[in-house]
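Paired with subunit B in one complex and with subunit C in the other, subunit A is shared by the two complexes that follow.
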Partner chain A sequence: MEEKKNIDVLVKFVTKQKQYAVPGVSVSVPADASNEDLNEIIKTYICQGSKIKAADVPTFDFIVEGQILRRLLDQHLQKLGKSFENVISIEYFERLPPPTPKESLNHDDWVSSVHSTEEWLLTGCYDNTLHIWDVKNLGRGRIKDAHKLKIPAHNAPVKAVTWAKTDSDVKTFISTSIDQSAYIWKWDSNTNTVDCVSRCCGHSQSVECVAVDQLKGLFVTGSWDTRLKVWAVDDKKQSTDIQRDKEEEGENKKSKGDKVPKTTPLLTMAGHSETVGGVAWTDVSEIASASWDHTIRIWDTDIGGIKTQIAGNCAFFCISWSPLNKTLITGCADNYIRLYDPRSSEGTLCQQRFASHTKWVSSVSWSSTNQFTFVSGGYDNTVKQWDARSPKAPMYDLIGHKKRVEAVDWSHSKYIISGSQDCTVKAYTAKN
Partner chain B sequence: MSGKKRKLPTVKDEVFEDEIGNDDFMTKQFDDEGNSDSEYSISEGEEETEIPEDDSEDESDDEPDDKSAERGKSKQVNQKATGSKGAPKSKNAEKAVYNEYEEDSSDEEDLRNTIGNIPMNWYDEYPHMGYDLDGNPIIKPDKGDKLDQFLRMLEDPDHGRTVYDKQTGQEVRLSDADLDIVRRVLSNKVPDAKYNMYSKWIDHFTHEVMDMPLSGRPEHKRSFIPSKKEAAYVARRAELIKKGMVTYKTKQKKKRFYDLWGTKGDDQIRRLTHRLETPKMPLPGHEDSYRAPLEYIKEYNARRFTSVRKIPQFYNFVKDRYERCLDLYLAPRKLIKKPLYKADDLLPRMPKPKDLRPFPTREALRFVGHQSVVRTISIHPLGKFLASGSDDHTVKIWEISTGRCLRTFNFQGIIKWVAWNPSPKLFLLAVVVGNKVFCLNPETYLTDRVVVRQTNAVFRVEPDKGDDQIGKQFERVRTAVTWRKPDATEWSNGIRVVLEHFKDVKQIVWHKQGDYFVTVIPHGMNRSILIHQLSRWRSQIPFTAIKARIEVAEFHPKLPFLYVVTQTHVRVYNLQKQTMLKNIRANSRWVSSISVHPGGEHFLIGTFDRKVSWFEMECTRKPHNLKYHKEAVRKVAFHRKYPLFASASDDGRIIVSHGMVYNDWITDPLIVPVKELAGHWFLKNLCVLDIAWHPYEPFVLSSGADTTIRLWS
Partner chain C sequence: MGGTVKVKKGMKGEAYKYVTRTYAMKKLQLNPADFRRLCILKGVYPQEPKNRVKAQRGKHGIKLLYLRKDIRFLMHEPIIWKFRDRKIKRRRLLHAERKDDRDKRRSVRQFEIDPNLDHIILERYPTFIDAVRDLDDPLTTCFLFAKLCKSLRRKQTLVHMSNMLTVEFMHYVIAARCLKKVFISVKGYYYQADIMGQTVTWIVPHPLALLKPRGVNLKIMRTFLEFYIVLLGFVNYRLYQSLNLQYPPRIIQEAGDGKSSTEIGDLISTLNRPLVKTKEIQEDEVQIDEHLMQEDDTDETILEVKRERDMDARQSKLFEGLKFFLGRETNLESLTFVIKACGGMVSWDKTFNCGSTYQEDDQIITHQIVDRPNVTRKHLSRYYVQPQWVYDSINARTLLPVQDYFPGASLPAHVSPFDTGEDRYIPPEKQRLNALRSGKPIQDASNFVRSAEEEELDRFDDVQSDDEDPLEQYQDYDESEYYKELDDDYEEDEDDEKGNDDGEKKEDEDEEFEIPERVNERRVRNMAVQRGSLFKKETTKEEDQLAELNLRKLRFKTKEKRFYEKLKRKEKQADAARERLAYSRILMEKEIAQKEATTREGKEKHFINELIGEDIKQKKEMLAKRKKERMASKAKLKKMDRKQIKAEERKKKQKS
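Our next item is the complex of A and B:
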């Protein structure tokens, strides 16, 4: 052990950030260098080569052999089983600043789902309502300004929400609920009026998740009844029959449901044996669904059947697809987050396993701008920001929720939004 | 004397002279000797007297060795004599050829006296002493009287080196060479002065093997061509061996001797394999000691004695020893073999819990909302909802995935038991409150609308109860239970039918098809088990003979059997044939709960005397008693899909065990406790009150006195 203390390793620093580039010479650094030591070294290098002042050099993170350096360099190499003798290429990049809590939005009941665009934030609540918030006014101490609209949408707790079309002033969004239906809404941001476009009937159990394909204008819902249904966002030939049987009428007294036209699914895909916990569009006509029956299935909407199946060994609660790196992450009942690559030949194998949550992982979300970072929320009341190259420890723990986190979202380039059972939605600023 | 002496050899000398003649060499030799003689006589005067003494000794000893030595001497003497005699003659014949045989004389030739090897004293009385070759007596030379001898001694300078030859009676003068030999022998040296004892050893025939062949002849052809004859012999032998016609008797060496004092392995030889060691006597302690050191005396409170005899232990020493010998001799001793295995070897090999995953390991969710002790829980067969009944008079329906309470129903009393209807066509929850059983439809959005509607439809109209409404049996049932349609408020609260019993109901068990259910009334005496049919609103009392207090009941998962558990027995009834199949003693004083394995061949019993027992239906083996709980066991439950079972106890722990059942009827079920789950708080000695397994996930849910329900995953 004592020998190791004196070992130096030859490393080569590379970076993709050109402003901080250093000459590509092999440098000898002590093997037990920590992140801070390497930072010192790289800082002196940068200052030597350019006019950047030492104070302006940011803190870096280092990628050694494909994984972010989170411990001492020799331990890291030992863990990965790499030799000390070769020249080690260390890639460094500017460390993401820690997310800072920005705003806490209070709701009347548990928040089940959040989704944001660059401008607007949509939240679904267990008191059957939907809320629209103005992202611009977050963090300015004016929550009343930020809250745009409260929509008493469903007859039962809302389970999932998503924005469908946000390109014009009239924006479309979809909400699903335990009341076995999904609603398509149109909201005019100028007049702040909302209109229920249609009610999607077909599921026989609570609709747990929803995902929208922007290109084709389709969305898919997954339900407790183990089925996936694909619907059109803009249904031209909306069914005009408004007749409803008396049973339902009695249940939906308070809602204005009888005026809402019903739509039927374009496609129903059955195959899962248990609850579908999460769905994601992975391609134009490809859906990935995560289910409690311990499988992830990739579906083809054109043919309406299963393409591939990834078998796990525990229930999957949620799924997220990154178009940047084309991989899936799922939250599992055994407290792990698992990363899958559906394209790879060994797609059934878990590529990475992220361990840090101490309870179920209820939601995961890839960053919309960074291909390596994602965020996860768990029943251990924490939201964690991860780098896909650092599977053993998250980059940051976002603490603040007092109860189980039900939903996280990182669609906004600046904010990590999380909704929890403590009736709050919290927004954290995070640079991507 | 000298004349005679000379005379005798002259005869011979002359003969020699004629034949061989003398040469210069000899003459010179003689001269040399003569010169050296004088020197010698001066230097070694002492020895001169000694030599005759030796001779006299030799004379007295008649040893043959001495004789031969004497003969050798005489031979030499003769040579000298001839030499001395021949010297003047050699002058005459100087040119004579060197005779190589001159010195090479044999004893036979030299010895003129031919009397043989007899003592010479035989001739003492005769004037002659033996005979020569011609047979003429050899006349003794005249020795003269003592005076003559003395005078001669004085005159003769060689007197000291003159010896008397017994054989011939002549006096012989020893040459220098002879004296040298004598001197060397006396000093224990090698007689031959020329012999080099330390000459260099020439190793003519070395022991070292030389590489060089002895001969340069090329090796013969047959030395490198394999012999056909031998090959044929080998083949023949091999064939015989193959056929088994050749058997080799390996000679076993008989060990003639054994190591008497050895310790290793020769007990057998000594026939001491099962020798019984005598029990060893305790070593004498300080109390047996004669004059123990003072420090020990203090310690052991012993006394010091003036003699060994006075030590009390030695009064009876002989007697004690004698009795011990008698004991050893008379008392039979027996060798008891202790088993070699350790205690651990007797235990079955348990797999490690981590190999038996999945099983619940930690708390994942907590369902908070009840105000009081949660007495009972039940999970909807589809695994989405959890119903719980509490002492706060409410029944709550929870969403399992999030821990959200979706609905709450209020009742007038403590909820004793809740049970979901297992049928997928009915969405019905049976709730036991006091002596009433409510069938509750939580309806609305919780499940498929069609199912909800169907369920409602079932209860909208009172069904036709058939024509068996009269009779004694009917009367007994009617007094025991009445079916009642709920009133409007009750209906709006979801209650679809109410059963009012004559006494408090403890438990309700649904049949798997969801039409029949059993209510257990512990104090109902012989009406403590009632079977109800939901579709026809009809009840019956199946068993009239049961007198014991019934604790719980359970349906067989596949067959129409009903397990009825009294305090001490488990009775299995075949409902179709209306017979009792089994009456199994539970080995316990008070059974609390029963759970039947989904395969139907095994069942678990939890008892208030802290045991969990695993029974086999066929009762071919002893039940496995699992005594890992420290307090009364409240509830046991099997998982429907995974080989898991759990037991909840008043010690606050839920113990999850792996219970693998094999289909081969031979292998014992593998029961491994894998996890101990603790977390519920105590409230007046109550902790975990009910447990239930998720229908398809390895999650166990538990309700406790701390008003919470927990999900362990």
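Our next item is the complex of A and C:
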């Protein structure tokens, strides 16, 4: 072992961040160099070459042979089965600063789902209610200031929520529940009033997940009854029908009570043999669904049928698709997060497997701005922030939840938000 | 009006249960050829009745009888409509031909009937394992048709498809390393693989020109083939998915290769190339096994299971690190497949066939396979062996000694590995093999794998390496050394892991709990961010035990399961008894302690304990003195007693 320590490796430092570039000469580095050692070397180089002070140089992360260096250099190379004798090119980039705890929002029951926009945060709770929070007021003053509205929405626990149209003051969002239905809501942010647009009926069991497409015109729901259904966010034809209905019913309104108009699905897609755990739109007319029957299926809404199928070895609970790198990540029942590329037609199916969670991974979410980072929440009470190039170690563990994490969300680039069975929603600020 | 309802004759019992072939065809409105086709596709076969006279309704001769139920089941098959469509098409085509109406003929021809068999596959094999279990016949048929010579090719696409599917299947076996047994017989090459826990055996014909056999209706064979091709397509798809690979597999091509097509078709050239894989991701089961291997066990059955598993693992890595060179006279396809499936590397002469990877003068070749009596041994650094050595080694699951297989040597008998009957006659070869396997050191590939230094030495100093007799090395190699090396490997691995931990801990200390220091913002309680640590599988003892138990359960066959459960029960009883004993012992000890406290000696002990710190010696002496006195008095008393007893006895004697 002592002889090993004397081994030197020739490395070449490369970077895409020009302000921290160093001369591209190969340097000999001890083989058992750690992350810190390499950081020191880079620091001295930068300080020699330019006027940047040593204190201002940030810490870097290093990519060796396509993976982020998280152990000693020789061990890393050994694990990847690479030779020590060639000149190793090491790419370095500024390390993402750790996210910081921001706020903890208490609820009355388990929190099943969260979704945020630039301004507003929507959460669904097991006490049949939806909550809207002001993102700007998170972590400032009292929690009450952040809380905008509580909506007693469903007859059973809420399972999934998502924002649909958020351009104007009147925003649309969708919530689904164990009561076999999904509701479309309209919320006026100025007057802080909410109106139920329609009730989507069709599923015969609990509606587990919902996703809105990029054009914000359609949304898809996946259910415990193994089916996927596609609905229109606001169908013009239907809305006129509704108006007519309202006029007709105007007189009998009091006797009937204000009944919410029902809508029916545009399309039903059957094929899974178990609960659909997660859905995501991957294109204008393409849906990826992850199911407990060990498959991910990609559907075409134009055809109304299945396009391709990816078979796995365990149940999938959730799925997330990134428009930046066009790949899917899924959370699995064997505690791994798996990365799939639906475009590849040769080689391996599963492109990468991320290991760190010690229990089921219940939710995953890609970052909306960075193509490499994503977050995941598991039943081991932790939320983890990952870099797609570091499969064996997450970048950061976000600790705080006392019970299983049910939902994570990173659609607001600055906030990582997670909901859990300990009846809280925790918000962390992420820095880019 | 009571009484039983009379059933018409022939509407009940055996006579009703069976129908004749003619009746069935009439019922289904099919001609004999289509009926046969349908029966093959649906897996319906004639049945032997219990009472033939009754079943045939007293008719003479022996008729083909089908179950009425089966025929009724066939009636709902949508593929019958395809047959009818085809019949109509044929008729229309004939009609157009007779009229010499070319336009109509063309239009009729364009109307394609595609007999889709997918639903039949799903119906006959509801689960994937069912299909794998039934894979023997499909594979054998496809391998046979893949070998058919050109003049016999009835339909080009079928032969092409079967060729492709078989190559894909062989690639799967190579990638999964699941080949278990090989046997060469007159019929052909028997292969046995373990696929998803099912043993699949198939036969590949010898690479000789096949003539059309007499008495074989190729039309029937073709129907089977059509069905099997569809089945094998589905099976291959699932098998590749289970390996985490995309299905139409691609072969890695090298730049200097003569053929540039990536299509699978040419058997040998593709077999010798690895499949395209972007990343190696191992599955979990393997890890659990390794984890269990480290524990030591004493239970014999479990030990046996472990041994079996070790052997399996060793077999799949049998030729790892070995480099083979095949002579022109050998069967390239079979040898390449077999060697690759056990982890070896293969090549042959460049001019002989495409797909060779290295040349004959490569110094690292360990074995050259030749099948002729006299070979001028050009290279002393390698063994020249006959092909049978490869097959026998695989069946023996060890590298057999090469001496018996040198070119020109009279070979030991090629014993079938499929015969496992232990009560029957065991040929001497097998006996010897068993002895070798149990007692003598097991030869492993590791002694052939030379370090880089050695290779370099060889390059510089060819003569020296040539002088050494490879056989001597082989024999000198000691088993104990081999195990020592293994142990060393294990230790090193552990060290590495420890090193990892240390490195990570240091990192953690630096960056643990970064809490923001801002005055304006409220500090949030009970939340923190930590640098993510390296993943290491942590399992508690209970989980380990559970996993081990499950594994053991899986490993046992149902027959042995009962025995195993009995054993377990006994073990439990023994444990309970032991616990009871231990408990009673504790109770006893407690009682004794209490008694001691009450007795005199106990008091003395207590006294001594109290006096620690004071002049213990004096007290001890005192006590010793007292004890002595007491003992003396006791002895006196005893003596007195004895004297008294003796006196009494004397008195008694005197009296008597």
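Things to note:
Simple rule for what comes next: the second predicted complex is superposed on the first by the 405 of 432 C-alpha atoms of A that agree within 3 Å, B and C clash if a C-alpha of one lies under 4 Å from a C-alpha of the other, contacts with A are read in each partner's own complex, and residues count from 1 in each chain.
We take it that contacts are C-beta pairs under 8 Å (C-beta built on N, C-alpha and C of every residue); 3 or more make two chains touch, one makes a residue touch a chain.
If you're wondering where the values come from, they're calculated on a predicted model, not measured in any experiment.
After alignment on the shared subunit A, the placement of subunit B and subunit C results in a clash.
When both complexes are overlaid on chain A, the residue A:165 reaches neither subunit B nor subunit C. Contact with both subunit B and subunit C is seen for A:313 once the two complexes are overlaid on the shared chain.
In the superposed model, A:349 makes contact with subunit C only, not with subunit B.
Judged by the touch definition given at the top, the superposed model places A:102 against subunit C, while subunit B stays out of reach.
More residues of subunit A are in touch with C than with the other of subunit B and subunit C. In the superposition on chain A, contact is made by A:406 with subunit B only, not with subunit C. Clashing C-alpha atoms with subunit C after superposition occur in a single stretch of subunit B, namely 668-676 (options considered: 56-64, 416-424, 668-676 or 686-694).
The intersection of subunit A residues touching subunit B with those touching subunit C, taken from the two complexes, comprises 313, 334, 358.
In the complex of the two chains, the subunit C residues touching subunit A come out as 238, 241-242, 244-246, 248-250, 276-279, 281, 283-284, 495-496, 499-500, 503-504, 506-507, 510-511, 514-516, 520-522, 524-535, 537-538.
Interface of subunit B with subunit A (complex): residues 358, 362-365, 382-384, 399, 401-404, 406, 444-450, 452-453, 696-697, 699, 713. Taken in their complex, subunit A has these residues touching subunit B: 110, 112, 126, 155-157, 177-180, 204-206, 224-225, 247-248, 251, 274-275, 277, 292-293, 313-315, 317, 333-334, 358-360, 362, 379, 404, 406, 421.
Across the interface of their complex, subunit C is touched by residues 1, 34-36, 70-72, 75, 78, 98-104, 139-141, 311, 313, 334, 344-353, 355-356, 358, 384-386, 392-400, 402, 426, 428 of subunit A.
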